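As written, the chain order gives the labels A, B, C and D, with residue 1 at the start of each chain.
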Amino acid sequence: MKNTATLLINCPDRKGLVAAIAEFLYRFDANILHADQHQDAENNLFLMRVEWDLNGFGIATEDFAQHFAPVATRFSMDWQLKLSRQRPRMAIMVSHYDHCLVDLLYRHQSGELACDISLIISNHQDTRRVAEFYGIPFHYVEVRKDNKTDAEAQQFALFDQHQIDLIVLARYMQILSPEFVRRYPQRIINIHHSFLPAFIGARPYHRAFERGVKLIGATSHYVTEVLDEGPIIEQDLMRVSHRDQIEDLIQKGRDLEKVVLSRAVRWHVESRILVYANKTVIFD
Amino acid sequence: MKNTATLLINCPDRKGLVAAIAEFLYRFDANILHADQHQDAENNLFLMRVEWDLNGFGIATEDFAQHFAPVATRFSMDWQLKLSRQRPRMAIMVSHYDHCLVDLLYRHQSGELACDISLIISNHQDTRRVAEFYGIPFHYVEVRKDNKTDAEAQQFALFDQHQIDLIVLARYMQILSPEFVRRYPQRIINIHHSFLPAFIGARPYHRAFERGVKLIGATSHYVTEVLDEGPIIEQDLMRVSHRDQIEDLIQKGRDLEKVVLSRAVRWHVESRILVYANKTVIFD
Amino acid sequence: MKNTATLLINCPDRKGLVAAIAEFLYRFDANILHADQHQDAENNLFLMRVEWDLNGFGIATEDFAQHFAPVATRFSMDWQLKLSRQRPRMAIMVSHYDHCLVDLLYRHQSGELACDISLIISNHQDTRRVAEFYGIPFHYVEVRKDNKTDAEAQQFALFDQHQIDLIVLARYMQILSPEFVRRYPQRIINIHHSFLPAFIGARPYHRAFERGVKLIGATSHYVTEVLDEGPIIEQDLMRVSHRDQIEDLIQKGRDLEKVVLSRAVRWHVESRILVYANKTVIFD
Amino acid sequence: MKNTATLLINCPDRKGLVAAIAEFLYRFDANILHADQHQDAENNLFLMRVEWDLNGFGIATEDFAQHFAPVATRFSMDWQLKLSRQRPRMAIMVSHYDHCLVDLLYRHQSGELACDISLIISNHQDTRRVAEFYGIPFHYVEVRKDNKTDAEAQQFALFDQHQIDLIVLARYMQILSPEFVRRYPQRIINIHHSFLPAFIGARPYHRAFERGVKLIGATSHYVTEVLDEGPIIEQDLMRVSHRDQIEDLIQKGRDLEKVVLSRAVRWHVESRILVYANKTVIFD
């Protein structure tokens, strides 16, 4: 099992930045495995992801912050350190449509997703059986018009109890409250079944069919307080024709949704995503 | 040179339709080369495109309407007959950006587009030289805020004089008047540099960049009186990443625009497009 | 549940064909739902697929052959009639890699595949549990170098007992004997993990990696006696880069394999495929 | 006009590499615009591309080698320094098919390609007129079976006279001699009209048609002494169906060839390509 550290950095762009970071890592004998950076000239921003082997690294991870502080301070860095051995803890929320859930469970089992799936929460009982097949705790939380606050309180309690790092909305058909969204900034990933910003909101396949588009899309994004306006993580599209009825769009779209959501989840759990200006940088 | 007739039919769906059409063509000894049909159950519509060799066909084309009338009347058909020897006469309108124009001229010269390009109209002089290289008459029609009606009158006169069948807006950056649009129903093709209905209107690449989309698109469509809302003929997309600046989007987009517009033009001149319910059926 | 008949026709192209077929269907009051045809001028072939509603159709299906015989004889037709109520009976063969199997089982359960999955045969025990979850009989048939004929005899017995119409090799890692292949002409579908004819044979991802290709592919095809040379049903590709290691190719490829195999299976069970000249026509 | 330097590095991977390079650039006050690196663990290789603004850089470019020598020696680097102000000098070779040539000339004129097109060499006269339109010297060099060596001698003289850095085979239908290829290692780019390694050699569209593939491709690559086996730079594909005849494949393929070749040329002239193990790394 790999034992690496990944450092994510976001700071104003200045000369000497890379030299300082590289010198720091070299001083403590880091064996760098991957490094990638992005400079946004317009916003004068520097973004970096660097991953190294912890075997032979000269600093205990609990002392990293203390040693890195001078560099971080000098360059006014926002930074995070992620350890491959501390797998993110993920919750999946789902309603009736189970294709994204089933896909994520299979990918997790086959080793594609380097996280723990701690629990599944649904407002329906339909997916209990598949959750059990994959050995993931399933929690039914009823959501009605008149109990929304209570339902979310139950959900928060479950997230707290399981120390959840990431919430994936795998076709969860309820709107989250602003409080919910604020609690988990850049930690809620949603799949929307259109090529955003086309067809924001409800029934995108129906509206795509009515408009007569020649491709249908899917978009995974972080959830923010404005519906379907959060930073886009991934998008993809598939060709359709006049022969395709709404049911064909829905069926073809399922394949898109699965792939587009799973990529977003994988990149998130591998600490490949940095967000700024309501956009994402994907270090692939 | 091929010598074929193409019949396009649009009518209510009823039993016996195909039998009646096929029997008619067989009776006059048509050698069918291609036939394609589409049924829209929801709208109870039947659409068909059938192309046959005129060599050996038992009716002179000028008598076709008279002979076909009983079938057409019985099934309440909208129909058109197109002859490969009567090449559509096309006008191209263009402003500064010349990539779509240059692409269409080259494709036409190399035999990809079975039409005549009768003239090019521009509100700038930039493309006069390339028009001359390809031997196409070039007309400069100045468009100012205060002469729009006069300018369109000049354009109409040119279209009339050249008996234009199809007008292609190859990045023509002026809004056409409602009168212009009404004069040429389903005979004006535009290229919009986004995946409609995302980014309707001005500066779509800039807005795509700001939104942080992961693919950029282009859309060719028939022009109707509502901006960017006409029937979509073709769309395509290309992947972009955080590394791409606005200029990269514009550059990549040019390749999309050329391909997406040229497909629409080709399908139109080959009589492969039927429009209903503000959508297109493409018989490929 | 739909109750339709689908007629597949393959014959020399001659005038009057469509008229005769359409007249026949009209005479017996068929309500045609879809019709598609293809003419191959070079080979002088006519191929057709027509589907109609059996409600109100004037011939009992058991009498169809007798009534259709004069038309079929006149035009020297190869034809088949498929009834939507007679769902094809499918066997899936699988070895260790289970992603295609799991994908097919889920699609079948969700209604995407209009067939029965009668049994799963594997030379390993790994997939027994998921077979049971989906309620499909699982048969372990050991295959060793020295028992290949016996193993196939066991497999044939199972196919006979279940009256299998279609055999899907969902990453089944054994070479079938010529006898096996001859027993099920155009009834065995395989998924090959490359863009055929590139990387025929073993370890295509490794060879793609070594060659430094910029996209990886997958191909579904009917199995013939020449390895990886049967008629191609569907292919698709995915972009890779120098950042992708062999494991990344394998992981990305799984998504391709699933989609490319499932499309082939769906088209086969919906009688959308006609084969000639070692190629397929897909009536979509 | 931009005034940057781009350093390309290829060396064994060792700790301290990035620190040493970054420290060197920082010491001389380089304003880094882009940096990208790739580590190949299997081959223990480190590859890097770093581009900086020459304004304010503390070393005259003619002194760079001397100052950089200690770093380069310490890490056994293969390195090259490219200056944006020294535009590569490109020759294009072409036969009858002119679509790639016309495309490159237009892209060059519109500013997409940061190189000079110094001359066009053809074994036919067809493209003389378009060369003149774009103001590029055109040289007709006849190639017959019996004058091949002489013809290449003429070509070498032209390349020498124009100090050519890059030769682009834009559908040049002659096989180059081994001597030709050896003279210009990693400096000859070819476009092959298939998805290599499928359909190596002649008439790939015809063979793709016969095999019944569902997508056609194009591949740009550096030319080596083994036909169609050089390092692949870029590939792309387009969907085809049973409706497409050979002429349709050829027509669709032209759009692929143009895009795939032009990307390779652009990446080469922007010093984005590193080659090792007969593969390319593209720093995009």
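Definition applied: a residue touches a chain if its C-beta (ideal position, glycine included) is under 8 Å from a C-beta of that chain, and two chains touch if they have at least 3 such contacts.
Computed from a predicted model, the values in this text were never measured in an experiment.
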item	value
Which of B-C and A-B has more C-beta contact pairs	A-B
Chain copies touching (chain A, chain C) - same or different residues, decided at half shared	same
Chain at maximum distance from chain C, centres defined as averaged CA atoms	D
Whole-Å gap separating chain B and chain C, where each centre is the average of the chain's CA atoms	37
Chain centre separation in whole Å, for chain B relative to chain A (CA means)	42
Residues of chain C engaged with two or more neighbouring chains	241, 243
Footprint of chain C on chain B - complex, ascending	15-16, 18-19, 21-23, 25-26, 29-37, 39, 41, 239
Residue ranges of chain A touching chain B (in the complex, touch as defined)	38, 42, 195-199, 211-215, 217, 231-232, 234-237, 241-243, 245, 277-282
Chain C contact footprint on chain A (complex, rising order)	99, 102, 106, 110, 112, 133, 243, 251, 255, 259, 284
